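First chain written, first letter: the chains are A, B, C, D and E, and each begins at residue 1.
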Amino acid sequence: MKSNYAVLLIAIPLLVAFLQPLFSLINKRLTKWVTFLTIGFNFIYSLKLLNYVMANGAQIAIIGNWKPPFGINLYLSPFSMLFATIIYFVALIVLLVYLIDKPTEVDDRMSIATLLMVMASGAITLTGDIFNMFVFVEILSISTVILISFNNKGISFKGAFRYIVLASLGSSMLLLAIGFIYGSLGTLNLASIAYRFNLLNPVYASVIVFLFMAGIMVEAELFPFNAWVPEAYKGSKSYLNALLSGVVGTTGIYVLFRMFITIFGSGQNHIQVIGSVNFNAVIIVIGVLTTLIGEFSALSQKDIKKILAFSSMAQMGIIAVTIGVANMNSINAGIFHLINHAFSKSLLFIVAFPIINIVGSANIDKWEGLGRKNIFLAIAFAIGSFGLIGIPFFNGFWSKMMIVESVVSAGGWMYLVIGTILLSALVETFYFFRIIFKLFVDKKIESTYSVHIFIYLAILILSIIVIYIGIKPSFLATYIHKAAIDLVDKSHYISTVLGVIK
Amino acid sequence: MIVLIYLSAIVMIISALYAVYAKDLLVSVVALGINSLIVSVLFFLMHAPDVAITEAAIGAGLSTAIFVFAIKHTERKE
Amino acid sequence: MKNTQGMVNAFFAFLLVVILGIFFFNAINQPLGNGLVLNKDNPDLSKRVSIHYILKNVHNAEDYLAQHKSSYFRNRDKVKSSNLEFGKTKNAESGSANEVTSIVVNYRGFDTLGEVTVLFISILGLGMLLHENKKKYWAKPSLIVRTGANFLFPFIVLFGVYVFVHGHLTPGGGFPGGTIIASAALLLILGLKDFKNKLTMTKIIESLAGLTFAGLGLVGLFTNGSFLTNFLPSGTMGLLVSSGITALIYIAVGIKVAAELSSGIMEMNGGGEE
Amino acid sequence: MIQSTFFYTTAIILFLIGLYGVLTKRNVIKTIITLTIMETAVNLFLVTIGYVKNGTAPIFTSTISDVHKFVDPLPQALVLTSIVIGLGTTALMLSLAIRLYKKYKTLNYLEMDGEDEK
Amino acid sequence: MISNILLYTMIAAVISFALGQKLKAVRWSFSALFLGYVGFQLYGLYGQWGMVETHNIFSLGSINFSLNFGITKLGWFFAFFTTIINIMIWIFSIVKNMNEKEERGINFLWILLAGSNLAIFFSVDWITFFIAWEIMTWTSFFIITPGWKNSFKAANWYFILSMFGAYAMLVGIWWLYATPAIHTLNIASSIALLAKLSITAPGTVGIIIALFVLSFFAKSAVFPFHPWPAEAHAEAPDDFSPYLSGIMIKYGLYGILLFIVPLFIQIMKVNPNIAMVNGIPVYSYILAWFGAITAVLGTYLAIVSNDMKKLAAYSTVSNIGYAVTSMFILSSAGVTGGLFHVVNHAVFKSAIFLSLGAVKFRTHEREMHKLGGLATKMPITFLTFLLGIIAAAGIPPLNGYASKWIIYQALLSGHFPFLTTMIFLASTGAFLYLFRALHSIFLGQLPRKFNNVKEVPFLMQIPMILGILSMLGIGYAPGIVLKPIGLAVKAMGLTPMTVENTLMVGKLSSINTAVVSSTFIGAFFFAFAFYLIGKKRHHVEPLDNYTAGQDPEEFGLTPELYHFALKFYEPVKNIFRPIEEKLNIKNYYRALVRNANSFGATLSEMFKLSGAGSSMIFVLGLVVIILAGWML
């Protein structure tokens, strides 16, 4: 069966990762190129699969020749393939910059960790089995720790340690949830969980969902579990932060989307009230708290990496609110916003890397006058932040409009929610305006750092995407529309995987 | 037989509390070793020999060794 | 001020622990009445997917599900299954006598592949963080330990190899076997004074073992159309040469875990590359 | 034979002790120890899910092959993987602890503020 | 037709940016010429009412986003007169930008701003309106702060308030779209449906109106939001201030005329049970009061300000107050008066700002007490400023008088005694700061350092002369402007005033402006003749006094000492000092900023707390979330 070959997206990077130690004996820089080429292969192959899936609907890839409820399967649908492709693309751009970073003696281990991290996040979006997702979440968190401590400063170890403590706390809760699920439903396959989830005793089911949320919120940078964000982002290199927020954050939110709307959701009207706990409200409260904390903490920060860290935390909060609101428009808006955020945030992080080297420090007060020194970087930073804030004809604008529409149309106390979100958006617009203004101030900066051509290439590609989505978002809209339908349609998910109509 | 199991469970909880509250790190690592040893015995009694061997080899054996190495490289007192 | 803040924090932590405790106990002791719940006294295995792993009739169950659609979930035990006899049944579905190994490697082999990568990446991270770790010299090992180390090392390694070679027959498998060999390496570190880390050699073994595991999986993909299929005949259950690639995979896993953990301990012990 | 509720309660109590330790303890290595306790507790919980009263180990041997008395092998497979994952994370955390100690000369998390904090 | 005008504007912006650093004059004249072409095209569009062009961008979920432009009477009127004034300003900035370093960026953004300005006036549905609104907001920020160090603090108030307004409008728009009864993005149909809805759900309609009013008031600096124009205009480049206070501050008024006023009129027609206050809905009366308060506050702040551009900015705020008050009394005279005053204010305020720009171009000085006696040195600038402030004060021969006359007609015929007194107080107060500015800058003693100040080059004088001619022209024959206004007022459902070229017929009385202006001009020439006949005056040097033969220079006397301009209205300031301490809006805003920053600092501090502290917040967070699950 042709779609079974989709497992190559995971098998090939694993095979290459196991071989990398041998390559590293030959030459350390070689491992960087091998990682870049493997992720390139992954991107092209997932692009092909995405178009195949968009053409003839969702497929499943079977592993070990055991059909789904019994064996492990990958679920290839417009929604999962879209996000796998975006994750591979963002990783490819970041690796382009990593290729030309100054060599260190741990480069071989670092390139293996990046390869496995990107493979794991791609696998999480594809997998159809809950324990398999747990194992890949584990690979993701360990390789993120390595990514953070690559910069090998004091703060990066602190950030890495705090991350791994929260991640292992989250994964024990995840494992507990898997235990509860297996104890009652007797299956690990996501589709059969979805199929028989509403037979569960309500109190029992709410415990499962709370535990599962605790496990995933670490990656998705949502409120109680995102204490690691500022130190981890400050500690790691700024272009690698694009991986942290673009890849890890996107995967975390992807899992929230998939689990809360397709698996735990109640079919057409999405998340239902399980027992006495209304999970829509829980996610919305989490999202609003995260956005408020993220935006206001970023207001008082002076370090660009921390500002961008808090701003990516806040954007994740906004997307969590769209999951909570869970009507058709808000899911479209959430997916669109997640894609926009992945592109514009990675652009900002990648632009910040050469700027920090030129100016010599990450403190934005020292960035004054950069526009005079290197106009291209200043304009790219402006494009990135316009894309993030949502200026008309930049990519964030359309998704922000849809978010406001969907939250407002939900009525009731949603007006309070949209009020806080727009207040924090105002704060975000302000501190980005402050940075852009500082860039264009008329002041002299001397520095000898010359920006490598690959960095310019990466920035150019991302800026073109940010502007192109802004001006003509219709090509992306078809993908998002199909993805949203695939996400919301629970019985289609079950019938493609198990062949059983709900 | 049942009394033995209840007793081992109580010892497990006590060793866990001890591991959390002990001031000296080596003592709490040893308490941790005891805890995972008793757990592997319980696994065995629950007819899970595979898990028992793995827990014994990894939990009791290697984890304790790694902890001791770590304490060797850092400091002993809390 | 610090300890009052500690006290307040301890109180809040205790508050949370109590809330979660109520949560869990309430969930555990839910009455069986409304809706499925964790059946504590005698969990009925036929309600779980593992009944097919035990009876090794997953393929029959797949066909049954294909025909009877949603009614399959109510009467799982109606799926036809052949009785299994140690040493007698030939070419059973997964062929390994140890059910846990058949699940770990055969039915859910993908998890184990992920699992091996977890260990690979964490030891790699360990190596990255500690690669300039200078060796702290311990007190001189006593006579007993020194001689014991030299004497016992081969036997522990032999026992480890035995454990993971018979993974598919007796309890234990790749992971405990590898750990036992690693503890043999630990014994050597404690015993010999002038122990030099042999990291490059372990690195080569480790990547070759990993290669065999993933390679076997890919062979399965290209010959039988899906990753990690058991393309070798599974022979009679109970014999050493049985259950197709499960035994081979578990041996590869055993070697890989052994090499990884011993290189991990060497790096943790310090003294850097050799 | 043994009532499995007993094991469930021990597992949950151990988990809560571990959670309490993580939230209150400031020493880096103590936090790692408490996390390991939590992981063992979860493993115990998972194995108890598969426990069948007066069942036998799920391994065919020359003497035992009565299939219906087998204990559930799947949770054991999960625990096998999760123990090794626990080892992996503990090893990584301990190496982080060593590097933190080398940098800040203390294991108490509160006193670790290096100069590059600002 | 409109969309390719906008497309050409984009292309023109890029072309003019591409011109080299040295071709400054070519750049600005090219943009002036281009805008002339656009003005000509607009003139051609007069009469094609109701022509709509739509371009759909994409559709996702249940919304499809499309840009649609259409020509409405109100929109065409605003677009035409703003383009004319913009051409005038760009002629002025050809020379002014000779030695300006940042002018290349400013030009690029300004052409985009002109494009978005047209897009606002021609947008027919809310999305296009909002897009044009935000592009306008963003481009104007970067023009005000083109990289000068201290301009950030000035512009950040403008930035926060207008973004706050924009987001309020965003919620309003999508609330309109989300309520099932309305569910449309088209502006005209949303007015009609909203009016119908006000019968059944007055609460929602009230909130939606409040959101829109908030956004328009924030943009037009009405009472609670009045502090931002002072700094923004002062710090903006000198040729951009006339655009900022002539045109940009009117977008809020355009919004009010586009949506709020017709809505109130519809509600008055459709909804019987509305609380009425002598003929108009109560909330419209309240908003009129907001306008009145802005007028008085603007005048007071102008009186006490010492920087000439700030003075002009506060006078703009008070003029906006007049327009808002007259619009919200919902009578045809009121709306016509408001609209007419918007045009007149744009004309004379840009004339005033152009002359101030000319003064600053020559003297590089903004504080009034450092200037003085420039009348002889810069006659044309002096003449423009003189006629500008006469028009601002509303004295007959010039255009200010005509619109103020209509406003008073509306207020008195509508029986609003208190509003009339407030407006009267504000406009008489205008005399105080206007003549003070004239005296401090042009009359009085010429400081020594400005001895060799020459008149500005001829090219910069052209717009000033055009300003004078248009002020006199509109003053003489207001009918030219009042006819298109009448069309716009009729479109809103009110009967327009009967108007001839030089005759205006109000409810209480009618006036023939030709007669009035000719009498004033006659009186002026008569006085001028007297001035010429009179005996030759002997100019007494201020320093020629009793210093007992000693040279006044060593005595320390300098002409500047005799130029009394520093604390001109100190007594007025002392009268209102106790009130100002208590309810000063600026302190309230500063407190708001301080709280936001400290709230942010404590939150980020929460993350820095390692170990014990942060787990407390972790625990609190979990408890809050679990409770939220139960309660909500």
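General observations
Everything below uses one rule, namely that a residue touches a chain if its C-beta (ideal position, glycine included) is under 8 Å from a C-beta of that chain, and two chains touch if they have at least 3 such contacts.
Not measured: the values here are computed from a predicted model.
Least step count on the touch graph, chain A to chain B: 2. Of all the chains, the one whose CA centre sits at the greatest distance from that of chain B is E.
More inter-chain C-beta contacts link the pair C-D than the other of C-D and B-C. For chain A, the chain whose average C-alpha position is most distant is E. Core chain by CA centroid proximity to the global CA centroid: A. One finds 76 Å separating the Cα centroids of chain B and chain E.
Centroids built from CA atoms put chain E at 45 Å from chain A. In whole angstrom, the spacing between the mean C-alpha positions of chain C and chain E is 74. Taking each chain's centre as the mean of its C-alpha atoms, chain D lies 68 Å from chain E. In chain D, the residues touching two or more other chains are 15, 18-20, 22-24, 26, 49-51, 57-59, 74, 76, 80-81, 83-85, 87-89, 91-92, 94-99, 110, 112, 117.
Shown for chain E are the residues that touch two or more other chains, namely 608, 610, 612, 615, 618-619, 622, 626.
Chain contacts: chain A has residues 131, 135, 138, 142, 145, 149, 158, 182-183, 188, 210 touching two or more partner chains.
Chain E contributes residues 57-63, 65, 101-102, 127, 130-131, 134-135, 138, 141-142, 145-149, 152, 156, 159-160, 163-164, 167, 170-171, 174-175, 177-178, 596-597, 599-601, 603-604, 606-608, 610, 614, 617-618, 621-622, 624-626, 628-632 to its touches with chain A in the complex.
Within the complex formed with chain E, the chain C residues making contact are 5-6, 8-9, 12-13, 15-16, 19. By the touch criterion given at the top, residues 48-54, 56-58, 61-62, 65-66, 69-70, 72-73 of chain B touch chain C in their complex.
Interface residues of chain D facing chain A in the complex, by the touch rule stated above, are 15, 18-19, 22, 28, 31, 35, 38-39, 41-42, 45-46, 49, 74-75, 78, 81-82, 85, 88-89, 92-93, 96-97, 99-100, 103-104, 112, 114, 116-117. Taken in their complex, chain A has these residues touching chain E: 158, 162, 206, 210, 223-225, 227, 229-231, 276-279, 281-282, 285-286, 289, 293, 296-301, 306, 310, 328-329, 332-333, 336, 371, 391-393, 397-398, 401-402, 404-406, 408-409, 411, 413, 415, 418-419, 422, 425-427, 429-430, 433-434, 437, 440-443, 472-474, 477, 480-481, 484.
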